[in-house]
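What follows is a group of structures, each given as structure tokens.
Shared between the two complexes below is subunit A, which has subunit B as its partner in the first and subunit C in the second.
This part shows the complex of A and B:
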């Protein structure tokens, strides 16, 4: 067979750019949904009386667009950039990449439409309508085929930890999605189905978002710091720890439920084991930062990354306590959990994605940032807004939990929560104000005349 | 001239890495062994027969691709020099940023 020389650019920056654009659009949709839902708690819901824009449906759009629209698109962009540069091979097919991009956005639009029309699936984080699920599974399989091909065929001998994380995410994501969206719905009802749903909720974070997020961090942080990761061996220990212990902890979402206690206790211990894994990752990244700490001030991407890492440390530390039965008695079903979820999904992965944007957007559009000061304002508005929201919701959760525990009247806990819900809305407005700076900076940068200040695409093979 | 250390391998970094390499599987393994033992005892008890089967089967199915991945990595020599990839990252990056110096890796049969 005659070998043909592949003259495509190593990285398809067009695909990277489109995924980043889609990510920012779905971020905007998700944030507006979240804000509208927050106003519901202030008795000023903007769409009152409109069934298809009722708060319950808008909330699903908020969470699903955050996970599958904002985070997934940005992570795909990051992988499209990182994998060819780690393997020296382009993705399998640019056409397939574009097809997957279009199909994924179609899935998002169908998800929004389906949920607003009342076809959301009754599975937490799996509310994508039943008729969209098969498309998503097929899309995930095609995505894996397209972007795993360079890893499988690379001539590079030792696999860098980033690729280990990606491979694990590829192996799991489709499986996790299928398991969570189909088994409880069609084949495994009752408490066994609930156990699987718990597994799904946590696996979505742990086996899709976390491996890709950390994989991208292991790629970007050393390069931006110009310093190799402190210990590659330690990074692999963290990886294998995550791989084997994360899937066991899902049941901690259903403590005090009819699920057998051995499964609940096992989930608690596994969750605490994961905290040790988290420690390895943090030790590794802060060990790498040692001696380069001035980069946190001088490099905005690094600042986003390490802010997200601190959030990650806090949220995982919080997790080790809140999975215990003692904590659960107070915080279950309260706003504490909402604060925790925002810290994970936005404070960790959202912040990392903003760091990727800072680094990738100029390359994707071929122009340097036009208003760097706007990006700094974006950072401070977002970080302060989110910290305010987390503190507020955590406090609200404690007030609610102790109120319910004291068997106070339900309406009293609602009245006591009102001030907290106002603060939450203000914090949300602050976050959205930050994103306005960000979106304007993206748009203005893309529109400025090209100056050739950023590297041009590199050919996969020099002729 | 400084005297040679009695245990030159006993550095803070080695203690951290090897300590965690042993500690994590040991601690996490407790949960794993506990869950599997209880699961085995549960499935022979007809009261809750089959309850955990799906959850555990799902977990094991999730682990299967990872196990295959591990075996592939071992037999294809991906673990021969565990620290080498972190330096290779920079070699690749510099090569790509300089531009046009990539070797014939982008060929497809």
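This part shows the complex of A and C:
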């Protein structure tokens, strides 16, 4: 461990560990909420008749805990690990880091409690209660101060691509959160407000999750493959393309709505543009993998990363089509979109986070993975479960869209969806079964007696 | 701070502002000439269904809202909107009719921007998913009794529905409380400004339906 002048360890592994623990707990809450909500569609909701566990409220917990509990905590853990190593400077203050950790989890608990008690906000992906929003904004600012400090004070010459993404995301996240949670709630009603919430739905994924996710990919993939990124030029194109095109496509969530058509056309063009740009990022990463592709078999973290990237490629390919007005006629309002959301948030970023766990958890707890085979089981159950869910929901969306367009009685679209909703629940159960292996592996690894030696950071797969 | 790092922070701010201008502020500017109406202005025209509600449930209505007039209607639709939000109804019901996929035939006239320019749409409840049907043209489509029964047990009137039962809107004698009546008043308000298939808004040019 490289000691700095003030003799603090470079990376505060305690903070990394706590954020990973919080991330996994909120993952469990989010998944259980999603499963319960899916059961509502099979008319076997487990908490029927209980007001504070009503399906509508539980759905808010499902999505918000996925974004702010699971993904945000894991990304903070990743950044707490990556930034000090890239800048050779520790974070500003370990005490502040712990304060932010506690405050963030408090926000999550208040969010869950508020939503279940009926204080959810009607902003998609921003259902956090209105009284929690200021706390989250303050928390984000403190977080940025704490982890941007090493980037600002570093003596390194030039910033690595990971830090470009982080710095841009630091500027974006607070602005986006403020815009999305306050403007449509207090000042901008109706269609213009819808344009802004569309922007928020999009920017949460595009300007918070995506840049930090890719930033961490640019850090971890070369680290684990022990070779540099294939092309610096493609890194540049990918970053600047994302920065330019991503923020200007929010209205594509409300196509054919009463929002002015110029905004809708603009959103469609910008969306198709960015899908072309992100292909350069994928080319860059697969170029990096070239010659080391055996790592996908031997290194589970790399396998998670590249599985997520393939999902990313499919998502973006799908998105370039589904954003067109032709597709929107049929698929908007249907389960197709739900499938798309799961592919992005879980299939891409969730999978990358599992890769971070595989790599970071042994370092954070100072022990090697106990049962690598459990992690392999986790991989296959999760990947197969999610792919099943995506195919199922995409097909369901087409069935629903054509049923509505054909002016069938509304109940027909519900009846026709029933088999798909059953498959969705089974797929959800499969994903949760995978996480049982995962949680057991996390727990057993943390509890195993210390060996006194630093474990190999890259666990080899048992099978 | 070294210049290089500033570049990316400034990039973040500038690209955010550019996107916000194109996708957020321009629609705001487009709508700026349409005045934002208050809840009281919106509630000035009380639909017949609200008076009917006072006759359907006289005791409960008296206790919850007093007499049916614009003041009590304003109170009822605001409370109904708040319940619609806290139960996250908008996750499964949209509130705009698109000009495609025969939606004007199914639901009614295509949505116009000026319909949403009022405080009841703060925040807007467009929604992005339809498990159940769109609700922006719900007013007058079904009776108050149907709506109340549907809230208590959706499958009693819509056998294939997957909507949850909202039994906590009712007291132990299964009589509707103010919550049930408020939600019904809100649903009967949604689209009450559509007259004979035409979207009407006081003080604004009427926008024709396309159906």
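Here is the rule we go by: the second predicted complex is superposed on the first by the 447 of 463 C-alpha atoms of A that agree within 3 Å, B and C clash if a C-alpha of one lies under 4 Å from a C-alpha of the other, contacts with A are read in each partner's own complex, and residues count from 1 in each chain.
Just so it is clear, contacts are C-beta pairs under 8 Å (C-beta built on N, C-alpha and C of every residue); 3 or more make two chains touch, one makes a residue touch a chain.
Treat the numbers as computed from the prediction; the structure is a model and nothing was measured.
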*In the superposition on subunit A, see if there is space for subunit B and subunit C together, and answer fit or clash.*
clash
_Once chain A of both complexes is superposed, is A:10 in touch with subunit B (first), subunit C (second), both, or neither?_
first
*First (subunit B), second (subunit C), both or neither: which does A:333 touch?*
second
_Once chain A of both complexes is superposed, is A:204 in touch with subunit B (first), subunit C (second), both, or neither?_
neither
*Touching A:147 in the superposition: subunit B (first), subunit C (second), both, neither?*
neither
*Which of the two partners, first being subunit B and second being subunit C, lies in contact with A:401: first, second, both, or neither?*
second
*Which partner does A:319 contact after superposing on A: first (subunit B), second (subunit C), both, neither?*
neither
*Looking at the overlay, what does A:112 touch: subunit B (first), subunit C (second), both, or neither?*
neither
*Determine, under the contact definition given at the top, whether A:175 touches first (subunit B), second (subunit C), both, or neither.*
both
*Return first, second, both or neither, reflecting whether A:237 touches subunit B, subunit C, both chains, or no partner chain.*
first
*Part of subunit B, among the options 63-71, 81-89 or 99-107, whose backbone runs into subunit C after overlay*: 63-71
*Could you tell me which stretches of subunit A are touched by subunit B in one complex and by subunit C in the other?*
158-159, 167-168, 171-172, 175-176, 179, 183, 188, 191-192, 195-196, 199, 203, 207, 243-244, 247-248, 251, 260, 262-263, 266
*Over in the complex, which subunit B residues touch subunit A? Could you list them?*
13, 16-17, 20-21, 23-25, 27-28, 30-32, 34-35, 38-39, 42, 48, 50-52, 54-55, 58-59, 61-63, 65-66, 69, 73, 77-90, 92-93, 96-97, 99-109
*State the interface residues of subunit A toward subunit C in the complex, per the touch definition above.*
40-41, 43, 45, 48-49, 51, 54-57, 59-60, 118-124, 127, 151-152, 158-159, 163-164, 167-172, 175-176, 179, 183-199, 201, 203, 207, 243-244, 246-251, 253-254, 256-260, 262-263, 266-267, 328-330, 332-334, 337-338, 401, 404-407, 410-411, 414-415, 421
*Can you check the complex and tell me which residues of subunit C touch subunit A?*
1-2, 4-5, 8-13, 15-16, 18-20, 22-24, 26-28, 30-31, 36, 85-92, 94, 96, 98-103, 105-106, 111-113, 115-133, 158-162, 164-168
*Spell out the part of subunit A that touches subunit B in their complex, as residue ranges.*
1-8, 10, 85-90, 154-161, 167-168, 171-172, 175-176, 179, 183, 188, 191-192, 195-196, 199, 203, 207, 219, 222-223, 226, 228-234, 236-237, 241, 243-245, 247-248, 251, 260, 262-263, 265-266, 269-270, 272-274, 276-277, 279-280, 283, 455-456, 458-462
